[in-house]
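First the structure, which I've put down as structure tokens, then a few questions once you've had a look.
Chain lettering (A, B and C) follows the sequence in which the chains are written, and residue indices restart at 1 in each chain.
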Amino acid sequence: MTMQTLPRRLGVAVVMAVIVGFLSIKLNTFRDYQIAEVATEVTAVAGLTVLTGLSGQISLGNGAFMAIGGYTTALLLMHLNWPFFAALVASAAVAAAAGAIVGVAAARLRGPYLAGATLMLGVALPSVAYAWPGVFGGDQGLNVAFTTPAFLGATFPLTRWQAWVSTAVALVTLVLLANLCYSRTGRNWRAVRDDEVAAALDGVNVAVTRILAFVVSAVCAGLAGSLLAIVTSLVAPGAFTITLSISLLTAAVIGGLGSLPGALWGSLVIVLVPTYVTDVATSHGLSSSVGSNIPIAAYGVVLILVMLVFPQGIQGGLRRLLTAFTGPDPKTRTRHDASAAHVTPSADDASASQHEKEGTS
Amino acid sequence: MSSAAVQQDGSPALAVDGLVAGYGGVIALDGVSISAGTAAITAVLGANGAGKTTLLRAVSGMIKPRRGRVLLGGADLAGRSPEQIVRAGIAHVTEGQGVIPELTVEENLRVGMMSWPGPLSRAPGSRSRNPRAERAAALDEAYGRFRPLADRRRKLAATLSGGERQMLVIARALLSRPHVLLLDEPSLGLAPRIMAQVMDLVVRLSREQGLTIVLVEQNARSALAVADHGVVLNLGRVVASADAQTLAADVALRHHYLGF
Amino acid sequence: MPVVEFLQFTLSGVVFGMIYAAIALSLVLIWRGTRLLNYAQGGMAMFTTYVAIEVIYHTGSYWAGFVVALAAGVVLGAVCQLTVIRPTMNKPPLNAVIVTIGLLILLEGLAGIFFGGQYRSFPAAFSITGLKVGSTPLGVSRFDVFVVAAVLVTTLALAAAFRYTSVGLRMRASAFNATIARLSGIRVARMLTIGWALAGLLGALAGVLVSPSTFLYPNSMDAIFVFGFTAAVIGGLDSPVGAVVGGLLLGIALSYVAGYLGSKGSELTSLVALGILVVVLMIRPDGLFSATKVRRV
């Protein structure tokens, strides 16, 4: 299903907002918190899936941009008493600047070299908080004061408001990203990903296109970091470890790289599976050392299995199921279908198509 | 439709029967049946995209045929891996870059001997008394036949000229002691004089060694000049199969499918 | 004295540099053979080190543990490649990234389950008291010398094996051109497994050599992995020489930073590493020792 026009996308967003709003009222506080978690994750993952899936640039360090967004928001809220939405926009701007810097530095890097550089970024940036504890609060981090606005009344639960705010930001981000993906920029991204030389010959400015993708993904991550700050009421280096960056990529790939619905599926998996497995473990009363590690091991198994069973990610798997039932829909296999553009040949043909590249006839 | 080029006991060395193969959604070979006579040179001709290279790849195991059989001495090799097929006695010299430039000439040649049975092999009569001596002897024989390689044995293959590389590739293929040699455009990119030398070599291999050769060539004229038998492919099908002189004399066929 | 200090920092930088080099080499080995980055390399090293500590605990012999660790590394590498990595070979490359990450997480979880999550101390093979020349402390111990020697010997042995043995030639041929290798009868799939097994050996070696300094816990090899990965990238992922040079460069540079900048310095090591990485990659986007590729237009 490709949403090709703005009204349709807005319509979908509104429907989802209503569903989430309904769920947030019906479900308990913990579920509201999970909704906020998922929304935060989706915001960041959506940006990363565009960067890695559409423009072909792997990043293992988007957690750094989240940290930038989170700390900017925390500092603005704390020192300048800005209203949250102003801080949100400012955080996005700062993250955008950081994304531009990183994008420029990474413009010539490819594949594992880009992965290595972004990995080191993800590791190194949080250490800034340790190095300048006076400003950034060091290990303890900074507390973020966030309350429900007055017009909602005194009894409106904070967690529900947090869920609403994060969902709103996530949906707006998704709509804007969808517009971008189907615009000329999106086509440029895919062109540069598929064949840089051909794209350059076509008049695409390869460097600018790649940098722009980094900026966009940094903005998304910055927004997510901002949300994380108000949802957890804290920004600390421990929240922005390399594990966070890696889990963003994991969510993007598991959901279906390059696909916005995939960002949602992947975020759901990343947020819900570990909690679920931990619940199962504790409900069986396992001892602390074993019990706390079984979810970890199980999570690893889930990652491996999903990748082996659904090489195209969950969105790709769903698409296969859909075409299995309904037959291939010519409308869906458009040029703009990011995941289809990324479809790899099946295992038997893969070596053949590689050989095909080596010769003709 | 195929007239088999037979040898004394009446059976061709290599036969392909109803082979269907392709890449992804594209069928490149659409039911091809070909026989290659023992110790004969069979030329496979046709325009670009006709399926010639795909045919060789399907025979050597680089791609898996979707249907059909590949018969060597009665055994059906279709679907086996390249490692198994080269051990069965079919060597494939691929189109284009055939040497490994990062290895030396001698190392490239040694790679050719990697299909020899190992010390634990159970094949009857395959375990040699002294494998090291055998390998050394085989290398010496290769250097004897291909002088320029002997001169450059310790040099990286990247430093060889086009003609020397082709020599190296063929020498390596011969070291696997094949019964059947598949050659994919061996003269591609070579100067005419070198091309003639390569063709010369091909002929000598078949006459002197009794090697069965399947030769894919864009240059149909020079291929038919050396071949015993010719097969013409078009769009994945066999459109003509006859001995080389008959094909060369068929002007209409030549114009239509072979470009001369 | 400043000269002595410089020498001490340099020598201890070399020691850690060799550890990073071992990890970097294992990554290069797997990269050259399979064009994959093994994000689980540190986790595999951690796991084999746990196996070693259990053997040492139950037999009382360090060297038994050492040997078992290396053997476990070989087995673990081969098993991982055969079970989990092989199915990803013809799929999109990022799938293998997630699979190795999943493997890392799985190994960390399993280590917690089987061996417990608390920090454990790991013995050193030799004395860790600082060596002296005359009355000047060198900043390194007998054990540190062993670390350097062990990595060096293993590296040279592997290099010799690759260069002079038939298996080595088969592995190189498979890495340079798998198609030609298969058409020549080389069982490329087997060579890939051997590559992973050797990488596992290198990782296991790094694990037992560094654990006396870092203590052993499920996440203890994460930082070492990051620096080893950085070293491999700096050196160029196709180059074993680059891995060693990258490791030494990084180890020595970080040693100076931590040494000369005191407590602030140790916070800044990863930033400095990032800086070095960015500088190197700006000059040579494929690493220091990469062969320059011709751009086809």
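Here are some notes:
One rule holds in what follows: a contact is a pair of C-beta atoms (placed from the backbone, for glycine too) under 8 Å apart; a residue touches a chain by one contact, two chains touch by 3 or more.
What you see is a predicted model; the values in this text were computed from it and never measured.
Chain centres here are means of the Cα atoms, and by that rule the chain farthest away from chain C is B.
Centrality by Cα centroid goes to chain C. One finds 43 Å separating the Cα centroids of chain B and chain C.
Our note on geometry: chain A versus chain C, Cα centroid distance of 30 Å, whole angstroms. Measuring from the averaged C-alpha position of chain A to that of chain B gives a distance of 52 Å.
Within chain B, residues 62, 94 each touch two or more of the remaining chains. Contact of a single residue of chain C with at least two other chains is seen at positions 179.
Annotation for chain A: residues touching 2 or more other chains are 345, 351, 355, 358.
Contact residues on chain C toward chain A in their complex (touch as defined above): 31, 37, 84, 87-88, 90-95, 97-99, 101-113, 116-117, 179, 218, 222, 226, 229-230, 232-233, 237, 264, 267-271, 273-274, 277-278, 281-282, 285-287, 295-297.
Interface residues of chain B, counted against chain C in their complex, comprise 60-62, 81-83, 86-87, 91-92, 94, 98, 100-103, 107, 110-112, 114-116, 172, 176. Within the complex, the chain C residues that touch chain B are 166, 169-170, 172-173, 176-177, 179-188. Per the touch definition, chain A reaches chain C in the complex via residues 52, 58, 105, 108-113, 115-117, 119-121, 123-124, 127-128, 130-131, 197, 242, 246, 249-250, 253-254, 257, 289-290, 292-304, 307-308, 311, 342, 344-345, 347, 350-351, 355, 358.
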